[in-house]
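Below you'll find a set of structures to go through.
Note that chain A is present in both complexes that follow, paired respectively with chain B and with chain C.
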Partner chain A sequence: MTEPLLKVRGLKIGATIYPPGEKARDIEIVHGVDFDLEPGKVLGLIGESGAGKSTIGLASMAYGRGGVEITGGSVEVNGRDVLQSGIRDIRRLRGAEVTYVSQSAAASFNPAKKIMEQVTEAAILQNKFTKAEAEERAVTLFAKLGLPDPDNIGQRYPHQVSGGQLQRCMTALALCPEPDLVVFDEPTTALDVTTQIDVLAAIKEAIRDTGVAALYITHDLAVVAQVSDHIMVLRMGDMVEYGTVDQIINQPREEYTRALVSVRSIEHEEKQPSPDPVLKVEGITARYKGTDFDVLKDVNVELHRGQTLAVVGESGSGKSTLARVITGLLPPSAGSITFDGRSLTPDMPSRPIDDLRELQMIYQMADTAMNPRQTVGTIIGRPLEFYFGLRGAEKQKRIQELLDEIELGDGFQDRYPAELSGGQKQRVCIARALAAKPKLIICDEVTSALDPLVADGILKLLLDLQKIEDVAYLFITHDLATVRAIADSIAVMYQGEVVRYGPKSQVLSPPFDDYTDLLLSSVPEMRLGWLEEVIANRKMESAGN
Partner chain B sequence: MRIPIAALVGLFFTCLFFAMAIFAPFIAPYGMAEVVGDVWEPPSEQFRLGTDSIGRDLLSRMIYGGQTTIFIATAATALSFITGSVLGFFAAVSGGWIDQAISRFVDLIMSIPSLIFALVVLSVMPTTITILIVLMGLLDSTRVYRLARAVAVDITVMDYVEAARLRGEKTAWIIFREILPNALSPLVAEMGLRFIFAVLFVSTLSFLGLGVQPPQADWGGIVKENKEGINYGISAALYPAYAIAVLCISINLVADWILNRTTSLKGGRG
Partner chain C sequence: MHPILKLVAQRLALGFLLLIAASVLIFAGTSILPGDVAQQILGQSATPEALENLRRELGLNEPALSRYFSWLGGILQGDLGTALTNGRDIAESLGTRLANTLFLAFWAALISVPLAIFLGLLAVRYKDRWPDKLISGVTLTTISIPEFMIGYVLIYWISIKFGWFSSVAIINDSMTLGQKLNAIAIPVMVLTLVVLAHMMRMTRAAILNVMQSAYIETAELKGMPMLRIIRKHAFPNAIAPIVNVVMINLAYLVVGVVVVEVVFAYPGMGQYLVDHVAKRDIPVVQACGLIFAAVYIGLNLVADIVSILANPRLRHPK
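Presenting the complex of A and B:
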């Protein structure tokens, strides 16, 4: 066995937290983790948010982010314990031996400098290469990562390339100084599925060709299965399971790993369309003020009472704009919307109160959808007070009923949003929407910010509530697994147009148009060799490339 | 919760000054405009800080002067915050031409130096305390408006404000229930700084003779009355100057502490 490149023993990491209204206190977020990584191998770190995977990744660079402190254990890189090293040695380590690729390339690049300057910076600073050598290496890497026009792309500024390209530039940046180890921290999470697969393929190839070792951090087991040799499953700062990719996916030993592998267990029977559509969107064309192109082009969809219409597409396809048009935040330039048999006024402020009440919305980020200074009771109570004039005990009773419906128990009324977990926050938002007794709820990517197991719970809740309240959902998402789980009918959007629309069974069965095919085939599947297969069989490229 | 030493010092002096202002008639050994001794007597058992240019007890003048200065500054700050923040929030929530109209008008006022603006107004208007307060409050409200609008613009794009709009809430609800609670901490910290500027401003005006009119005492005015004494080595003019400096620094220390404390509530990252 070769000597490990990275040797982590008993790694303990602590942090100081500031719970609202209480004293700050120290907690331990990683409780003694051991692992080895051999040169040229890829280890996938997987877990839900709060599992400590990013923290462990950064600890291998001897770094603790924002108030996080490494409290115990050892991290050896190339045989040296970096936790005992002085700042000079650590400085030589980072950017030379270990480099880092972050989740959001857009936020990590300096917008005022050209890409080439940033990609070569570390290599030159660490005296690994001269400027000319570093630039030559960068161009080679650009080509290897499949970036268009590798000779000149370095002369562009970060905003002049697309998100997927920028993420690949960041990979080039990390590989440029010829490091021994690269830490990939959710490098494809912020990308569309159709873009993700290209970036994933590029990263995989670059890792293989340069022979670098990597820590690949993600919450998506299907993604990590494509690039890693080994997988470590983490939960709340503890290692749950460690094994080869094949073993983790095909014979998971632990209960928790099995849950991760078999997520999306929802069975949803497609309903037949009923005769009276609750929402009818006809010939909607819309553009934002001050622009000269249509974000939505002649969109026609229908949604029936108590059913779910999923609107799918990548970012920029106009799906959220459709929601803004329906809610009246963006009046369309042509077309009409019929809601529950009556025509909807295009702009929101002039709509009658009942139209506002019967059309509710749930947002992607539950954090920003709730006023941090209001308690759960106030948040859910306001629509009751506003629409139905409920006061006092009557209002309290209804709030408790709603809290029971969303499966939160007693004692939540007086909590602030900051005291809730991600899933609980989204549940409160659902309760706020339900409080208005709506006929239609627009769900804008409501599960995409959540961990898979939590998201699953939210989807189940939404389906149950649909049966009880007979409410229709317009479900906006980019995640086809979610669509399969919840939709009755599907509209696939591409560059402002609905390219495919119909009942779920029909939309998801062949023959496919090119875009739907791309979208469907891009959803990572949990089996080995999937990535190569898809790349080989594709008919078209994503618009994000 | 531990209060840092600097904030404690600031808190102590701030409270001391406010207490002296409130209880001035009970603390002051002599009346405000009472001539009790010779011109510029040195400090003694009888007159702790000596007497002023026409033989009034300087300590009593200082205490009453503090009352006037602090009262005017407090009232002006309150006025500027109420007008500035309500207008700022309203502009941010309304957006469009309403925002443009208010903002450009405020820019117009801000482009004229406040001191010159105040001097012009005061030279044609009678200099009463009410006019001083209103003038200072309105001039300062332009600064508060800028801050309040900037803070509110960040808040109005949050989903919870959009949710309130979609619910059909009125502008007043959005301003006072959704935005104000979230904008409070930067505004409270700013309030300390604006108060300091108000103290300096009213002192400047009085020093120039256009602020508080004699025989009413105020710190800027006491400096003005006694400034000739400096030529003869008499330090009467320095006491009010010290008082202004100490008050400003202590309020600054308190404001800093409030700002730090409120931002650390958000998780310690600020």
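Presenting the complex of A and C:
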């Protein structure tokens, strides 16, 4: 047996947290994890947020983010325990033996420096290569990673390339010093599904060609199944299960792994369209002030009472702009919107209060959509006062009813947003929207920031509430699994146009147009060899590439 | 046109408009001042006829608007008018004073700006440890003490006790550069101590803010030493806020040093202005006011333009 490149024993990691209104206290976030990684192998670390995946990945570089501190155990890289090393030895390890690819390349590149300078920096600093050698290697890597114009792309600044390209540049940055181990921390999570697949393929090929070992951290089991040799499932700082990809995907031993593998358990029967649409969007064309191109081009869609219309597409396709037009935040340059049988005024401030009440929104980031200094009771109570003039006991009763509807029990009224989990925050936002008794709720990527199991719970809740309240959803998302779970009809958007529109069953069955085909085939599937198969069969490229 | 050129041109045009607006304010402000120059020159015992004659001679009876435009027209041609009290050409006497003020400000800036930025970087490197606390403590103390106090304390110790530098900062054209520097050494120290804290704190805050960015973590994970990260990755992104504070302090060094000039009997603009305010010599006050306004606007313009140039998104559009 070969000597492991990375040998982790009894790794314990702690952090200091500052709960609101309480004293700071120390908690343990990883409770003793063991694993080995052999040279040239890829280990997938998978789990929900808070499982300790990134923390373990960074521990292999003897790094703790924020107040995180490694409190016990050993991490051996190439036979040396990095936790016992001095800062000089640790600096020689980072950027030379072990390198890092972060989730957001856009934030991880210095905006003031050229890409080439940043990609080659570590290799030159660590005396692995001369400047000329490093730059030559960078160009080779740019080409290998499928970047356009590899000879010159390094002379650009980070804001001059797209998100998917920058993520590839980050991979080049990590591979440039010829490290033994690369830590990939959710490298494709922030990308569109159609872009993710290309970056994923590029990363996989680069790993294979350079023979580097990797820790691949993600919450998406289908993604990790494409690139890893082994998978370690983590939950709340403990290892749940470790095995080969084949075993984890096809014969998971633990209950929790089975839940991860079989997530998206929702069965949703498509409803027949009723004769009276609650929302009718006709010929909408819109552009932002100061720009010279239309973000929306002649968009026509309909949504029926108590049903769900899913709007799908990659970023920049105009999905969210459509929501802004419907809510009146961006008056369109042409077209009309009919809401519940009456015509909607284009700009929000001049709409009657009932139009405002009956059309509510839920956002992707529940965090930023709530005032952090208001309690849950105040947040939900506000629309009750504003629209219905409820006061005192009457208001309290209604708040309690709403909290029951979103399956949050007693005692939540007095909590602040910071004391809630991500899923609970989103539930409060749903309750706030429902408080207005709307006929239509626009849900803008409401589950995108949540872990799969939590997102599943939110979708189930939304479907249940739809039955009780007879409310329609305009559901904006880039995630096709979500669409399958809850839509009655679907509009596929591409560069400001609706390229495919109809009942779910019809939109999701062949024959497909090229873009819908690309979108559908790009959704990672939980089986081995899926990635290669899709790449071989593609007809068109994503606009974001 | 390159968007940067457009932005810079806009700033320059705005700066010019601002200067015109400032001239209006200065003129209006000095016009409504109480007191009468003619009365001041001729004294309490002057006859009404003599006063009237002098007013006519000095052009004080013209309507305000025409006086403003003839004043502005003169300035645009480099003519700042003549002082009412001694009949000398203002541009000429102001020229030497301004040169002296700029000389003092230049040496104070040359020492204080690099020192402040260096101390700021050092404070970030040793954040919350003793060097940081020492730097903050000392600079905050010196900014809190009135500048005349620091002036007298330094004169007492450095000039009188140790006899190193001159306590009076009178300079003239016949002195060599070395003699001049010897004369202004203590005022430069005072000014440095006064402006240091502001720039140092801003450098520290701006860089600490940048140090939270993900790209600083990237640099750390490349194994870079901390000082190098601060210098190469943090500082270039903190230039805009730092330059703004530096420029405000430079402007202060030019227009705000009256007290220091008085303490050291330095023949600069501040003293000149104060003297003529006391004599109600309006044209001199107006000229000084306009030059101070121009310095402020000019330096802030430079700060704005540097901020624009420091932004890679503006420098290299997509």
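Rule of thumb we're sticking to: the second predicted complex is superposed on the first by the 545 of 545 C-alpha atoms of A that agree within 3 Å, B and C clash if a C-alpha of one lies under 4 Å from a C-alpha of the other, contacts with A are read in each partner's own complex, and residues count from 1 in each chain.
Here is the rule we go by: a residue touches a chain if its C-beta (ideal position, glycine included) is under 8 Å from a C-beta of that chain, and two chains touch if they have at least 3 such contacts.
Computed from a predicted structure; not experimentally measured.
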| item | value |
| --- | --- |
| First (chain B), second (chain C), both or neither touched by A:A112 | second |
| Partner chain in contact with A:I430 - chain B first, chain C second, else both or neither | neither |
| Touching partner for A:R91 - first (chain B), second (chain C), both, neither | second |
| Partner chain(s) touched by A:M61 [first = chain B, second = chain C, both, neither] | second |
| Partner chain in contact with A:A190 - chain B first, chain C second, else both or neither | neither |
| Which of chain B and chain C A:H159 touches, first, second, both or neither | second |
| Which of chain B and chain C A:A481 touches, first, second, both or neither | neither |
| Partner chain(s) touched by A:L125 [first = chain B, second = chain C, both, neither] | second |
| Chain B versus chain C as contact partner of A:T16, first or second or both or neither | first |
| On chain A, positions contacted by chain B and by chain C | none |
| Chain C-touching residues of chain A, taken from the complex the two chains share | 61, 63, 65, 90-96, 99-100, 102, 104, 107-113, 118, 121-122, 125-126, 156-157, 159-160, 173 |
| Chain A-touching residues of chain C, taken from the complex the two chains share | 213-215, 217-225, 233, 236-237, 310, 312-313, 316, 318 |
| Touch list for chain B against partner chain A, complex | 1, 158-160, 162-163, 165-169, 177-178, 181-182, 264-265, 267-269 |
| Sites on chain A touched by chain B in the complex | 16-18, 20, 23-24, 66-67, 327, 329, 348, 351, 353, 356-357, 360-361, 363, 365, 368-374, 382-383, 386-387, 432, 436 |
